[in-house]
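Below are structures written as structure tokens.
Common to both upcoming complexes is subunit A, partnered first by subunit B, then by subunit C.
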Partner chain A sequence: MIPFDFEYYKPKTIQESVDLFQTLTEEGKHPVFFSGGTEIITLGRINHLYTEAVIDIRDIPACKVMEFDEHYLYLGAGRSLTEIEDANYFPLLTATSKEIADHTARNKITLGGNICANIFYREAVLPLLISDSQVFIGGPEGIKAEPIMRIFDKKLQLKEGEFLIQICTERKYLGVPYVTVKKRKQGDTGYPLITVAVLKIDENINVAISGLCPFPFRSEQMETYLNNSNYSIKERIDLAVKHIPDPILSDTEGSSEYRLFVLKNTLLDCLTELERGNM
Partner chain B sequence: MKLTSLMLNINGEDRTVIVRPADTLLEILREKLGLTGSKPGCLNGDCGACTVMVNQRTMKSCLMLGVEGEGTEITTIEGLKGTPIQQAFVENFAFQCGYCTPGFIMNSQALIQAHPNADDEKIKEWLESNICRCTGYEEIEKAIMSVIKNPGT
Partner chain C sequence: MKTIGKSVIRKEAEDKVTGKAKYTDDKYAGDLKVLHGRLLTSPYAHARIKSVNTEEAWKVRGVRAIITGEGLPLTGEEIRDRPPIAVDKVRYHGEVVALVVADDPVIAKRAVSYINVEYDLLPVVNSPTEAVQEGAPLVHENVEEYDRDEDIHPIPRSNISNQMKIRKGNMEQGWSLSEVTIESNFSFSPSDHTAMETRCAVCEIKADGYVHIETSSQAPFMVKKLISAYFDIEVGKIVVDTPLVGGGYGGKASVFQEILAYIASKAVGGRAVKVLHSREEDMITTPCHVGLDAQIKLGATRNGKLKAARIQYLFDGGAYSDKAVHLSRAGGVDCTGPYEIEHIWCDSYAVYTNHPFASPYRGFSHSEVLFAFERAMDILAQELNMDPLHLRRINAIGPGDLTPTQVRLNRSNVGNVVECIDRVKELSKWDEGKIEEINERIIRVKGAACLWKNSTIPPDSVSGAILTFNEDGSINLISGVVEIGTGTKTVLAQMLAERLKMDIDQIHVRMKVDTQTTPEHWKTVASRGTFMAGRALLEAANDVICQLKEITATVLRSRVDDLDIGDQRVFLKEDPSIGLHFKEIAHGYTYPNGNSIGGQIIGRGNYILQRMTYLDQETGRGNPGPEWSVGAQVVEVEFDRRDYTYRVVKLYTVLDVGKVLNFMAARGQVTGAASMGLAFASRETFLFDDLGRVLNPQLRTYRPIHYKEHPEYIVEFVETPHIDAPFGARGVGEQGLLGIPAALGNGLSTAANVSLNQLPLIPELIWRTKEGK
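== the complex of A and B ==
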């Protein structure tokens, strides 16, 4: 049982959500945006999250889109991971998403909720980082679009009262060769030891990683080495891992040394596969 | 305590309940509506014992607030009486203690409805959502396969 009470709101427009957030904050209710709700419910139950009001964004039309225009694919933050997988407009996102949690849980977990989650894996963000996607954010200052690489630094950098509305990805990224690999300590479901997503565009490799550090990331510095064809793949990986951001996780899932070992092998597999042109 | 009146459509019937917006669907089903077939296990989204269907999609009812269910069609294990999948679980001895069984049957029924010709990969993808602590899963798989192969029986 969730050991505290909260009010539940389901606004129909972006403006209504923004206004609600402001009013509820002024009333001292510590509102939170609610999408799939899986994290709010599970963390709330064990008193790791407290709120007196939740604002469910899934009735806002812009949070429900799943459509193309001439240049972009738009995915609403309130869409469940399985809805996005079933549509399969972005095969790399589908493949990465299918490894998150389990099928039933993914009927509830949403794209926006996973990207904004407190847990540090947030694996659905990996394909969006390496495809230079843009995010649309709503807040007291109106709606803004930002390149995800500019606004995602360890987590999505949202200001008080801002929320993620949708993500858009250029069509040219949707059909490129990719590899996505999730290594778990044990079994076929649940959180990763290491997840790596790699895509190849214009002869360049873009890489994003979850599970290695207490945040998902894409490092352009690491990519510079991974793309340096003057070296063998193994040498490139050895140079790249010197630029992993701090700290490398060390916990019951795996020590930092083991994580690094698994990462290097996984990168070797991914890069070899992409160089062979298998995908 | 904040209470709200809620209308839920469960197994084809409209039911009105007074709940806290913070109550999960699982708590409402079991404690307010006497629908105790959905089982509390981990309460954390891991085990699948609480699985129901919402608009034909499987949901872990411990991961859903009751208020989210308004305007949807909810099916619980009590709504699957006499279905071929229920019979198949009996005939294939697909349980021991039976605690996980309602969740497995809900998930299997949703799978059969969504993918009447599901292949092994699809069955594995869906069934990984549920955990059984007693059986070796073999009998559960047999029960599901028997319905997929003979949908009318």
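== the complex of A and C ==
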């Protein structure tokens, strides 16, 4: 039960959405973009989120794409995680996505919604970070494309009135060896202690992590160490973990010391597996 | 037997699987005449309320009442220590501070968010061990001044609401006979029942003064009695209805939401008000699962014969006593596992803390106490270098032995522990080894525990049953047992079908309980449904048989004892073709000329517990309950020695149920209970911060077992009849849970080669213990 009333809009175009956002802001309605709505419900009912107007982007054609061209895969921000999993165009993304929430929730949760979520795990972004994907963003200044690594810092750095339209990933990343592992406090459902996504391209491995810090990240500094073949895998990991961004989480899922323990083991497994050439 | 033992499908199954079954909240869904109550709860665990400002909240349109704590009576089933709405101070995170009544739930919720409360924080009692320290802050300043039932022993100026003593034998002698001793501490925090249906009550006070309450409760008759006592209303003017209940597990045996619904209705001139708890409130505001700090010292001879046990249980009853007093008593009664120990000293305390307060939880202190005691047994086995199941077997309690409360056991009042152990050993291939290496990281490990349980319900607990007939000769079965998902009412129908030798489809079970027309069943708790309601029902069946035979004897001009009954007919034993169908006699028999005799046949039956006694204050001596059901359980886990993670592969349970009444229902009870035990053992707990606040009062962060996470359940039954019980059946609702936490703790302690004495057994705990963090 959401204790506040809000207006619901479902525009058909990017421009219409942008205009709506501006008008609703001027009317003092604190609009938010909406795709699956799961956070509006779950955070709204406990007063952790407030809005007087939501703008549902799922009717905008560009937000619904799920297609290839010669070089790229395009995934609309309004596509549900289960739709993306069922299509399975990006196996690493499928594998990471499948561990998010549960199937019923993922029927509602969208790719864009997960990446831009308030709840900070945002695990769907991990495969996109390590595949150097591009994001298309709509806003008052029109549509822009940006490398995700440039615009994602803890979260997608959107300006007021901007929203994620779609993500495109180079085809060459879609078939590379990868490992993605989600470690939880206990059991097979729930938030991560650590989620790691790793892929190997051109003899280099790219790593992104969620659950370790209160934001997902890909650290090029850590990757430098993890790719330094002068050292053993264990040594590389020991060096890399010295460069984890602050702070390491300590919460109801686990303490920071334990998270580090889990991270090291997880990285060891991922790197060993990729080294072996399995996937 | 024709019906007993068969896996008869539950009478309410179709309604449930098609989603048509109606629970309390559903019944009033969309009813615009009903107002809605919503709660403002405390964000702090211990604080003085400086002010409550409701001015802004009153401005919300549609608000009918805003109720704060002044002027309300103290409540509490055994000690009246709890204001239904906090006055002056709050004692736990989640405590009710104000109640808003409005036209719809959204309005009420919105108004709640406009209430402003100022608090001054007070020092917090964050565990039962802290609570009993010298100089600990007092949760209640004058516990001894509260009204309370007899037989409760609070310690003045302390946080102890009850002390229960067991003094059996002579400790000095016990220790002198002991060649080996072990001592250890065990603990876990409170947690939740997490029933699917959150608690809900609707109350309306009619113009004539009658109070109608509909509630999701395991104890509608207690609701009636307590509302009457608290608010000084004639008990006959309170009518409590309970439809199907969506899981109780003991949590709905406490009277809570009904009190709020009554207060709310009274504040709006008697209009119907619904109080439906949100999931968060259902977790921490309403009573939860008790926590425990335990100390156990055991003494045994070199060859493993137990000689002495010294035990201290500090039950974390939370901020108000509610059932904690009784929980501490039950924990004392069965303070050991099912073993014969000559010398026992146990102090079992109910302790106040600034935690959410405790209600019963499936097993009523037994899984809690057994976690500590059965872990201690494994520690002793290790010290003796003895197989832990063998240690249990040679100490197993049985006929002729004395229990901790010094009841002499016989072949009826206790099940067969040895047979359960032997059978579970065989099933789990125990003798093939407790540890099996799968690879360099993974080992497969087994852990075991035994269990027993008596139900220490009040010695005057009653149950009643009524049988009426329909025109077609089918029977209506009316019992005060609440259908909380256990299928008990179907089992009652099986008993009736068996006794009357008739088709169970011709028996119509009334699912709803209504305290005005349903005979009382004390509470639907303690695995006592089939026993007490079954006894009442069989008496009613006999009553019906007598009446049917009497009228038939008149019509057939035969002797009553020449008649038999079957397939809804009463007939001559000698020539079964001569007889009368129920439909010809159950509403009176009419002769061809119109003369009628007999009349409506109404069967009645009741049962009151027999020969139970209060327990002696100094020694605990006394007869606490009708019988001990027993069992043995083995948990098989795959343990990762590097990561300290594990997967539970199999849960074996062998229970002495006396007699299997409905195989699939019994198995369902055992697997359900075992999965609950596994959740309690492996993951479910409230996490508290230093201020005593619950950090995970949501299913996002408090995660019960998911559908796909279940292990394989292997269940077998042993049948040692309890002579007093219908068909010899013992309790089966709770027992499957009781040994699981200890068995898992034992298995993982073996696997990690370290003593794991806390719950839940999450990998981080194992890592921390193993690495000495």
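Keep this in mind: the second predicted complex is superposed on the first by the 279 of 279 C-alpha atoms of A that agree within 3 Å, B and C clash if a C-alpha of one lies under 4 Å from a C-alpha of the other, contacts with A are read in each partner's own complex, and residues count from 1 in each chain.
Here is the rule we use: contacts are C-beta pairs under 8 Å (C-beta built on N, C-alpha and C of every residue); 3 or more make two chains touch, one makes a residue touch a chain.
All values derive from a computational prediction rather than experimental measurement.
Once the two complexes are overlaid on the shared chain, A:K108 sits against subunit B while remaining clear of subunit C.
In the superposition on chain A, A:R150 makes contact with neither subunit B nor subunit C. Judged by the touch definition given at the top, the superposed model places A:N265 against subunit C, while subunit B stays out of reach. Look at A:Y191: by the touch rule set out above, it reaches subunit C but stays clear of subunit B.
In the superposition on chain A, A:F4 contacts both subunit B and subunit C. Once chain A of one complex is fitted onto chain A of the other, the partner contacts of A:K98 are limited to subunit B, with no touch recorded for subunit C.
Legend: residue contacts after superposition of the two complexes on their common chain; A:S255 is shown touching subunit C, with no touch to subunit B.
Applying the stated contact rule after C-alpha superposition, one finds that A:G44 touches subunit B and leaves subunit C untouched.
Common to the subunit B-facing and subunit C-facing surfaces of subunit A are residues 1-2, 4, 42, 45, 102, 188-190. Remark: subunit A residues 1-2, 4-8, 36-38, 41-42, 44-45, 54, 56, 82, 98, 101-105, 107-108, 188-190 touch subunit B in the complex. Within the complex, the subunit C residues that touch subunit A are 105-106, 109-110, 113, 278, 280, 642-643, 682-683, 687, 695-696, 698, 700-701, 703, 705-706, 708-709, 760, 762-764, 767-768, 773. On subunit B, the positions that touch subunit A within their shared complex are 1-2, 4, 20-24, 27, 43-46, 48, 51, 57-60, 62-65, 67-68, 107, 125-126, 128-130.
Chain contact summary for the complex, subunit A toward subunit C: residues 1-4, 42, 45-47, 102, 185-191, 251-255, 257-258, 261-262, 265.
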